[in-house]
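Next come two complexes built around chain A: one with chain B, the other with chain C.
On to the complex of A and B.
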């Protein structure tokens, strides 16, 4: 049996040219143009920043992200080994403590970042969505930290969960978010809330890259020079 | 074990009480540290970087 070669000279037949107009209407094409139009590589990963960014107040956002990375890494190790390990072994105690203190630093840096941005009115210059996603990050972090407290599997978590159930029942969500259900809290803490939080953080960072770092009040974002009128305050 | 600023972290928390307001030394310490960091971040000069 012999194979039939396509084409007169054994070469594959050329596919018909795709209609460019049809391609442009595809959702993949629209998504690619939209994303890379808004985020060219030099904007996603810039080499330089405006001179006003050389201030300690601009450090706390990235410090928060660094703490979040430590939380995720130490949390992954804790999920691999489990409660008996983190309660009884030396390394377990160490990684458990790294997880706890990374959270402490994460919340501390995030609050200073929040205060600093509030003082700077960081929602200026079409940055409202950046501010809103930051607020959502804070709320998601509170929920993630809380579920972490109630899955410690010790007397502390028993105390916290039995106290919290009354408050949650009083607002009518205790049946759906049951703090006495360790399995549900565990999955909230290690899967759903970290996923939600990470997605919001990525969106927050993308928005910061899109609009740029907010300039101090009274400083022109383009020139870095003080503005005489109230242009920068808008 | 010496008692750090926030007290003995392995024992029960110590609270400051002013009438209806009560706060643990640990939480008060964290809040004061955050306020101090904010003020220092606003007033301390940043190491010299690029001019742009």
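On to the complex of A and C.
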């Protein structure tokens, strides 16, 4: 048995343990319980998956993310020496080419992924929000890519911006989002839109991990067998 | 109803309402290395983009300067300058967000452009011609006299001179502003000639955008001015970039461009959009509705059922169906 020694003179008495009920009510505790309850490690980084996930169509989701990583990396390299560096540097032009082709593949992979999810009715089983965030990813990507085209500081950007302004102006958006203002577009392209897109992508992936990959049409997730007669094949 | 019967009815209802796709998957599983999958995807996609970049590079046609425009198409440059003075250029009569010289486009009674207001004020005559000449050429006595005459005249007189001059250009040989018949043009020919001379030196490129500041990142005025002319559009047309050839979704050269904008540019190719004065607003309005529909596909009755009517999903899960049955819904 260990003897309890008195503390130095003037040491305040040891504070009592915090009330568990108070801790449970804390915003931090609630967030921790909510997040790790929904996302235990084996769900975030799974080592198995349903056996029906066995088609090439499933490759396009991860391929889209890989292309996005290439876009971000090449985009970061392009930012290192300013927006016009790539016009005069062979290396800069090559990095710009990597950026361009990453975008082309990213959009191609994402469109195939979207069509794949459509033909699978992938919104079934409370997965509508996963579809919605996927659609928002596509829209944010279109906007981000568009701002990239208008900040190239070459003939393409002159023509595309002067053409695009009419559509945006016609519905009042151009009054706030001025595609002829290269500085504004540059900041949108390298900061605001990538941030928004990345957040939606993270949310989309978390939703996929939360709900899992949608089971085949007409198959009951709880049995892995065809839905019994009388149950709705949603 | 007895308690047992009630319980049975509730269970039956619950079974009917249970969504068979929503539960945790309890069927057969297989090993899945998500980290390895991502690394392989990175390597494959990385090699693919580096290969494509090395093989096909990327387009980079130099931007068109105002000096290049003036040198390559002097008649177009001078005529455009005259239209900025008489208020007949595209940007002079644009309306919101640049000025109040028109109401802008509308969707039926909905005037969204007007609602947003004039937030990027552009006065074509002063911003594109008078102010740059005042900054760059007022040391030249001829230009200074022309500027003084213009600034000292009433708006009506300025309009009369400029309109007379642009009308005379239309009748001149080759529509050349330097070959117009004699008329009441006031200082307009001198101002147009001075703008042309200043543009040839390259000074106008800086003066138009700078607006008195040292730093410059906003090219609204320069781009509006150059887009008012026909030269930029001619170059774009030569590169298959014009609106009637699927416009801005294309890119210079044979590059794929923004192919994902195909639906947006598609509407401009057909009536009623093609021939409408409100084409931009109508296309945007339609695209907003379609975009909302795209986001809300899971809730739109017919659209969400098409995948089951055209059962391509059987191809995706054919192995699973072959082993476990089902797939006939």
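Here, the second predicted complex is superposed on the first by the 206 of 234 C-alpha atoms of A that agree within 3 Å, B and C clash if a C-alpha of one lies under 4 Å from a C-alpha of the other, contacts with A are read in each partner's own complex, and residues count from 1 in each chain.
Note that a residue touches a chain if its C-beta (ideal position, glycine included) is under 8 Å from a C-beta of that chain, and two chains touch if they have at least 3 such contacts.
Since the structure is predicted, the reported quantities are computational estimates derived from the model, not experimental observations.
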Which of chain B and chain C A:176 touches, first, second, both or neither: second
Partner chain in contact with A:104 - chain B first, chain C second, else both or neither: both
Which of chain B and chain C A:125 touches, first, second, both or neither: second
Partner chain in contact with A:186 - chain B first, chain C second, else both or neither: second
Which of chain B and chain C A:112 touches, first, second, both or neither: first
Touched chain A residues, chain B compared with chain C: C
Which superposed partner A:55 touches (first chain B, second chain C, both, neither): both
Common interface positions of chain A, toward chain B and toward chain C: 48-51, 54-55, 57, 59, 104, 111, 116, 119
Chain A contact footprint on chain B (complex, rising order): 30, 33-34, 37-38, 40-42, 44, 46, 48-52
Chain A to chain B touching residues, read off their complex: 48-51, 54-57, 59-60, 104, 108, 111-112, 115-116, 119
Complex interface listing, chain A residues touching chain C: 45-55, 57, 59, 62-63, 65-67, 69-70, 74, 86-87, 93-94, 96-102, 104-105, 107, 111, 116, 118-121, 123-128, 131-132, 135-136, 138-139, 142, 145-146, 149, 152-164, 166-176, 178, 180-184, 186, 212, 214-227, 230-234
Chain C residues within the chain A interface of the complex: 15-35, 37-38, 41-42, 44-46, 48-50, 52-54, 56-64, 94, 96-97, 104-105, 107, 112-113, 115-117, 119-120, 217-220, 223-224, 226-227, 232, 235-236, 239, 241, 243, 247-248, 251-252, 255-256, 258-261, 264, 278, 280-281, 283-285, 288, 291, 294-299, 304, 307-308, 310-313, 315-317, 319-321, 324-329
